[in-house]
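Have a look at this one.
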Amino acid sequence: MMPPPLALSSLLALSVTEPVSVAHYLVVGAILFTAGVACMATKRNALGVLMGIELVLNGANVNFVAFASPYLAADGARSLGLDGQAIALFVILLAAAEAAVALAITLNFYNNHATVDVDRADDLKG
Amino acid sequence: MANAIEDDPRIIEFDVRTDEMLVNMGPQHPSTHGVLRLVLRTDGEIVSEVEPHIGYLHRCAEKIGENLTHRQWIPYTDRMDYLAAMNMNLGWSLAVEKLMKYEVSEKARHLRVLIAELGRIASHLVGMGAYGLDLGTFSPFLYAFREREKILDLFEEACGARLTYSYITIGGLTADLPPGWLQRCEAFLDQFEPIIQEYHTLLTTNAIFVKRTAGVGVLSRDMAIEYGCSGPVLRGSGVDQDLRRDGEAIYTAMYDGYAFEVAVQKDGHYPRDHEYPAVPAGTVLGDCWHRFFVRMLEVVQSMDLVRQSIDRYSACKGTIGEPLKLAEKMPAGDAYLETECPKGQMGFYLVSDGSAKPWRVRARSSSFSNLAVTPELCRGCLIADVPAVVGSLDIVMGEIDR
Amino acid sequence: MVDFLTSTIGLSGWLAWTLAATVSAVLILNVIAGGALVFIWAERKVSARIQDRLGPTRTGGRFGWLQSLADGIKLLAKEDLMPEGADGMLFRLAPYVSFCASFCAFIALPFAFDVVGQRLNVAVFFVVAVLGLEVFGVILAGYASASKWSLFGAMREAAQVVSYEVPLGMCVVVPVMLAGSMDMVTIAEKQAGWFWNWYVFHDPFTFVIFWVYVTCAVASVNRAPFDLAEAESELVAGFHTEYSGLRWSYFFMAEYGSMFLVSAMAAVLFLGGWNGPIPVATLLGFSEGTGDTAPYLIRLLGLANLVGKASLGVIIMMWIRWTLPRLRIDQVMTTCLKYCTPIAAVMFAGAMLWQIGLPGGLIPGAGRPGGEIREGWLEGPGGRAAAPPAADESRDVARVAP
Amino acid sequence: MRGPAFLQQLQEAVPDAVVGDNLTALDPWIEIAAGKVAEVCRWLAKSSPVRFDSLQCITAVDWLEVDPKKAAKASWEPHTELVYHLWSTPAKASLVLKCKLPRWKNDVPGDLPEVPSVTGVWRGADWHEREVYDLSGVWFTGHPDLRRILCPEDWEGYPLRKDYEQPLDYHGIRGR
Amino acid sequence: MTPTIPMADLVAGGLLPLAAINFHTLFFLLFAAIACGAAVAVVAADNVVRMALFLVLSLAATAGLFFLAGAEFVGAMQLMIYVGGTLVLLVFGVMLTAQAPFVTMKSAGGDRLLAGFVGVALLAMLVLAGLSVPAWRQPASGTVPEPTATPLGMALVGVRVDQPPAGQPVDAVRSGYLLPFEIVSVHLLVVLVGAAYLARAKRRKTPRAIEVAASVEPPEAVAEHAAIGRTRAAASVLTGEPS
């Protein structure tokens, strides 16, 4: 009966004692990105789609910051340095701008159609 | 047809399509002055329609009146405008006296003026303080109540009650003033006079107050008259009417020899305006600010009248006379009399079949007519303007629902 | 503190760090909770004094010291109600979101030199950002309550706070620009010495922008005359209409916490932080280096200074609340967009130009610490002339990791 | 233009409207035929030499003696009387109009007597007419929104009528 | 994973020696769990406001990750703009467009299945890609980074003052971000104007303005007023001409 608890606790121990590497951040970024994509694909509410976009951008940002961080990089490994953070900043800014425009479009759409269901935005369908 | 809709001023277009929302303001709401229920139809913050629902305080006063003698009904008048119960007593007493063609003694007449004008000050203090409360400032309310308490102390000394007095009664008053009362009253007036400037600083001329009230809830003079509005609401719209001067003979006779100027804007000026703040820019005659300001001026005017009546009363010799018997038989007939109460023109209609009890009693309340104009004033305003408008009408639900 | 624990007491790294973190967290929590208790009591006393009342007098002796505590016990004992149509999860979560945001912002607030939960390089930015999160709790509360009044409150809050963050940000940037750092500790240190070193007196532009900051800060923490989200005369109680008991009190703790926070920000950014108007310690010959107790005394003095200044700010907010009427929502937005933002923008540009023209301020010999960091950076592109301020020992978790 | 001359003018302007008057009463009044109320009021408000621009009050008086002994001695037939108190702001003059209605339309109990609404003349008449309808049971034809105003919408009976019986029970609330 | 940690020390007796805990890692796990869990919850939630709440949690936790990675300024920026600004805007939009409280728009089951399938595939690919580079999997150096706010600010105005990252020659030409910064500023301005234009108020006519116009007293009424005697008591018109 000993092995399973030992294995579990050692895994736990490993997970909290080992320093975090860039790969850890990449996994988080991947999860955020995938969640965002799934959100964009499944939500019928335009605002839900918008939130998916935010998640996707955020996932990318996590990667940028991870690559830029001197703390995460191994000794001698290449790092993006400041550029990663600068790019992350630009992404955040553009995401804000995009959200504003998208919201304005959504409100306009709502004005005309009284719904925010993207499935009903098919006016251009032939 | 399309054009007609286009030009209808009541159609409001909004930047975002929002669904209309029905909101109940009241009967339990901090700023509806009792149990008034306003159903607001709102589009976001903009109110497209207001419908007042009344009757939550209906106590069948008129039906009760048919089963009581005329004097027994006086306590019921107390409970109409309970903030100015003295003026209610006066209105009913005068209406019955009109039916009886009764004339009170000279001393009682001046005492009635004295008491009624003090009652007017007390009522306007509540109206003013509560209006500050409606606009979100709490302190003036307590400053006003502090002064009102002093008036109530005087009333208590005179008649024993602080809210429902039944002091003025048919045929005079229930009791004469106790000794030293007039000195205390004068001391109060002397102390109160400078405080009014404080109210002007805190409210009348306060920049935020002016912003909140100027141009809000504009009641045109024609509409005010058509709705039967009265009192400060009517005068705030620039209509020069005050029943103390323009009323029926039996009422104006009470004020014979008293000098006062009706608080109404004429040629862009209020009387005595050299002593009081100038009308701020942005205000429109008939808006909330003017209604409020008329009340403020009437406080000063009433103080003046109280001073005059103190002189006259103390010059009168003799007694104030006896009030009527509790079950006095009345001549058959009917009489209608309106008096100028703090809230407006309070009318009492009385039908007698010759017995000691009235056949029919009717109270025409000023607040009832003043409130009826709310839907017109609130159409298209913001939610925050609704308390501002309703507060500026200074209604009392006890009088509306009776 | 970690240093102290490891070197003086000899605890191992992780224990010292955990202990330090716990102590900081508990202290900050107590600052908010205890501060809220004190400020609620103060609010009652201040409002009572303003309104000619006594305020609490019974609980805890003559001054009612324990009134807030008694209220707290009452709130704990109250039933936690939730409206039937409410979204349970969001409804329960909302007060904590608000409270956590207020709490988190305190982490970066320095109370005295080195007395700071976590010295952040971007402290100013962090505090403003986290403070903006508080609005989210309010929006959630308003939305989840399934009450129309709450929803109105939430909408107003969202519109108002998001708008006021713009001028608030601009105001905050000015001292950051003058100090060349976003680190609040650095900013406060730069204003050491006599009170004319305070940034509010740096130049006319900073003097004006300080008042813009005060306006925006009052608006961003939802205090009168900008307390539209909970305007009791219009929206019953706005976003917290449906809350009761402990959850309701979390909103209040958050509100008082935020009030203290923006006041402390004002003190740090414009009013010299923990530096008193007169450099007492320097005049007496104390410095960080003199003796064992001097650093502690200096820090204690600084703490008293900062808390005093922040409390003064809170009391001024109370004073404003009990004096002014409330603005209307459109007027609040106008104040932000038409007045605060342009004035802040112009003052920001002005302060920037002043820095170029008269970097030392009006009094050249005043001994104000200049912007040496900035000039150092500019020595050459790619070059590294001056090191950025050294990181505090406790600033990174990893330091103590094995 | 006051006194009998005014009455004369009114009779010329709206023929067959005035069916009675009492110029010597405490408040002199004229009686209007029920069907002509709106017409008379419109003339008084818009075209008369004394513009009655304000309606102060509408009262319904129920003339019914429930005690049969007293009823036998009464000098009047049971009827409902509407009393309009008008006011002229420019002339500072008042006018009382009365209008006799049957207690029930065609003497069918439950059918409310009808009278034309004056809401088209004075907008302020709206609430007054609603109150009269609510408490005394008079139907104002042409009123835009004749609902109960003081009593609950589902209240039964007209409390200010002399033969009104208070309900014993209202939604489980004991009446007596 | 990596064999650098002496296993025996860690799990002696099944207990984890607290001294060995890497707090950085612990906090990373905490924030990462919140960020990922909330992100999944965003996908799973049907209520828009709940989605927004989870998104806030996710983004705020991500800000925490940024702080841990030494990107303080980006973290604060994330809190300020994303969480404080964008999300409030989103919730605002939710409230403006909700037909009734708590509107839910259920996604079709097929959509969900498909999205789940694609999502898992994408996730597997991304994770594989992330783990495929050995350099990224190497344990971190744990070097405490210098505060980056000032160098970042300098970079945005076009001056690079930071040390070049490891592995790059010191004298390499490293560009600042003045031009992108300016472009983004203009972009934001354009967006501001554009968004305001898109959601602008078309026409607004409130009755209040009309009433203000109507309230001007008609001249004949004034004249009428002036003509009225002011001392005469009111009486019924039927009482005859007043004295």
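Letters A, B, C, D and E mark the chains as written, and numbering starts fresh at 1 in each.
Assume a contact is a pair of C-beta atoms (placed from the backbone, for glycine too) under 8 Å apart; a residue touches a chain by one contact, two chains touch by 3 or more.
These figures come from a predicted structure and were not determined experimentally.
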item: Required steps from chain A to chain D (each step between touching chains, minimum); value: 2
item: Leading chain pair when contacts are tallied as C-beta pairs; value: A-E
item: Maximum centroid distance from chain B, chain identifier (CA atoms); value: A
item: Centroid-based (C-alpha) most distant chain relative to chain D; value: A
item: Intercentroid distance (Cα basis), chain E paired with chain A, Å; value: 13
item: Inter-chain centre distance, chain B versus chain D - centres from mean C-alpha coordinates, in Å; value: 26
item: Distance from the mean Cα position of chain E to that of chain D, given in whole angstrom; value: 65
item: Between chain C and chain B, distance of the C-alpha-averaged centres to the nearest whole Å; value: 47
item: Touching two or more other chains - residues of chain B; value: 16, 222, 246, 248, 376
item: Chain C, residues touching no fewer than two other chains; value: 155, 398, 401
item: Residue numbers of chain D (touch at least two other chains); value: 27, 92, 94, 96
item: Parts of chain B lying in touch with chain C, wherever the complex brings them together; value: 21, 23, 29-31, 44-45, 132-139, 142-143, 146, 202-203, 206, 208-209, 211-212, 382-387
item: Parts of chain E lying in touch with chain C, wherever the complex brings them together; value: 18-24, 27, 47, 49-50, 53, 56, 60, 68, 70, 72-73, 75-77, 79-80, 83-85, 87-89, 91-92, 95, 101-102, 142, 144, 146-151, 154, 159-161, 163, 174, 176
item: Touch list for chain C against partner chain E, complex; value: 12-15, 17, 85, 87, 89-90, 93, 120-122, 125-126, 128-130, 132-133, 135-136, 139-140, 143-144, 146, 151, 154-155, 158-159, 161-162, 165, 180-182, 373, 377-378, 381-384, 388-389, 391, 395-402
item: Touching residues (chain side chain A, partner chain E) in the complex; value: 5-6, 9-10, 12-39, 41-45, 47-48, 50-52, 54-55, 58, 61-62, 65-66, 68-83, 85-86, 88-90, 92-97, 99-101, 103-108, 110, 114-117
item: Touch list for chain E against partner chain D, complex; value: 221, 224-225, 228, 232, 234-242
